[in-house]
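A, B and C are the chain letters, set down in written order, and residue numbers restart from 1 in every chain.
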Amino acid sequence: MLLSVLYIIGITAEAMTGALSAGRRKMDWFGVILVASATAIGGGTVRDILLGHYPLGWVAHPHFLMITCLAGVLTTWLYKWVIRLRGLFIRLDALGLVVFSIIGTKVAMGMAHHPLICVVSGVVTGVFGGLLRDLICRRTPLVLHEELYASVSAVASGVYLVMIRYAVDDITATIVTILIGYLLRMAAVRFKWCLPSFHLESENSLH
Amino acid sequence: MLLSVLYIIGITAEAMTGALSAGRRKMDWFGVILVASATAIGGGTVRDILLGHYPLGWVAHPHFLMITCLAGVLTTWLYKWVIRLRGLFIRLDALGLVVFSIIGTKVAMGMAHHPLICVVSGVVTGVFGGLLRDLICRRTPLVLHEELYASVSAVASGVYLVMIRYAVDDITATIVTILIGYLLRMAAVRFKWCLPSFHLESENSLH
Amino acid sequence: MLLSVLYIIGITAEAMTGALSAGRRKMDWFGVILVASATAIGGGTVRDILLGHYPLGWVAHPHFLMITCLAGVLTTWLYKWVIRLRGLFIRLDALGLVVFSIIGTKVAMGMAHHPLICVVSGVVTGVFGGLLRDLICRRTPLVLHEELYASVSAVASGVYLVMIRYAVDDITATIVTILIGYLLRMAAVRFKWCLPSFHLESENSLH
């Protein structure tokens, strides 16, 4: 229940930031709807396809898709507010990241997959929406360069998994995971914590 | 039966325009075949994967794949004709768009999905081939900028859906939908009807 | 058994070359792991999704995923060796290409698909890892321009298929296919054998 409410907040916020990316590429409304929906529910879609977990969430519950389409189109009018509320959207994005990761982990656990696959499922759900957005908008994916993002998703997924394994009840595990993940992400943004990165000059390439 | 004939015409025309895109990227024959096939049958493939509708059309009926491969390779010789017959190919593309949309809608209706999902299924079938082509050829997707395209697909899908709901027989619904969709698309091309588009300066971005 | 050992060598080598591509894009560790894994096991993943062949290989056997993640991260330290051993990696890539193609062909044959689909399955397994790598790293896919690559995959797949059809035992068919495919690929690299390519000036485009 808590997770459902947070999920709807998360996909709405993600759809709105996706719509901004479409706007910077001067896309039409169809493009806005496509990028908004891919950003918001693309991660869950990729996860379900990888796990063979049918029907997809938005196919079974089309109102999730209506929400992302509506949020995308509304953003074409309200974009000044979205940009002004930058701080709020960074917070909502952090929240969405953790909520998506927990949901992805739960789906894989429900299919009795190996713990590593459960964490991968959480990370895919958390970060592939942003990857798809950047792929459609032809940008180098932000998630591969920026402050800790996929790592937050992996940590949240792992924390949730371990708590459930040690018989913590679901609601406690969810709240604790959200707190840890949210604070970790906000700290990463504030203090610019990054993963080590790997720089290779072009002439040093095999291909 | 009518739909099958039109489908084969549609995938042949789409494969040929896909091959031209590959040619502009100086691809080899494998690239030509890949882009031709992705353009022609990529939309149906994405639809079937999203709906979990297995086996995919071209896996069950490999002759569709043979047609797109052949059309792609032939285009490397006949490209001057394809370019000269520009007007014909715009018409065939419009026809293909509507036929693909109807087929996508039918597949989702056959799986008893929500009407919104049936329309999405029609649009995915109609436009994702072109999206995949532009993604592989590294172009900003045309469908997100140009004259009404995805919208024609959505209208065609909706018209077909409503007629079937109100017990119009399948052949009548198919013919009426093709006429409406085809004329709408050709009018959009001629009069340059576009969806409103959303322009955002880069400095105004959240991400 | 032989195929399993060669498969693990193949995914390790492919993951390492994928990591180099990520390094040239200055990605962080998550990006390195993502590109390494996509390069190594992305082809098999796309094949399984197209064929509806669940669970995916790495979902059922997570240690394959561990190997590609580890190989990716190790490459961020050992990249100088990987670059110095260029000749070895070209050989391992040729071996991997043929091994992946055989595995892909076997999977489709096991599902009793049409011979054309079995060859497509082999080619998808062999080359889509590299395509995904180039898509994520925003490069024009090498496989569509370079010396015979997808063609080697198709030949290997076809040779294996025909031998099995004519009741050659599996181990003989595998070894003969590997020899033929490996030598063909190495000859293509050495003598710069290419498929004919299709060049079209931009102004001659339909779209």
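Keep this in mind: contacts are C-beta pairs under 8 Å (C-beta built on N, C-alpha and C of every residue); 3 or more make two chains touch, one makes a residue touch a chain.
Computed from a prediction, not measured in an experiment: that's the story for all the values here.
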| item | value |
| --- | --- |
| Contact graph of the chains (line, ring, star, complete, other) | complete |
| Fitted rotation between chain A and its twin chain B in degrees, CA, nearest 5 | 120 |
| Centre-to-centre distance between chain C and chain B (centres being mean Cα positions), rounded to whole Å | 29 |
| Overlap residues in chain C, where contacts from two or more other chains coincide | 49, 52, 135, 138 |
| Partner chain A, residues of chain B touching it in the complex | 49-52, 113-114, 116-117, 120, 135, 138, 140-141, 143-145, 149-151, 194-202, 204-207 |
| Touching residues (chain side chain C, partner chain A) in the complex | 17, 19-32, 34, 45, 49, 52, 54-56, 59, 62, 65-66, 76, 79, 82-83, 86, 89-90, 135-136, 138, 142 |
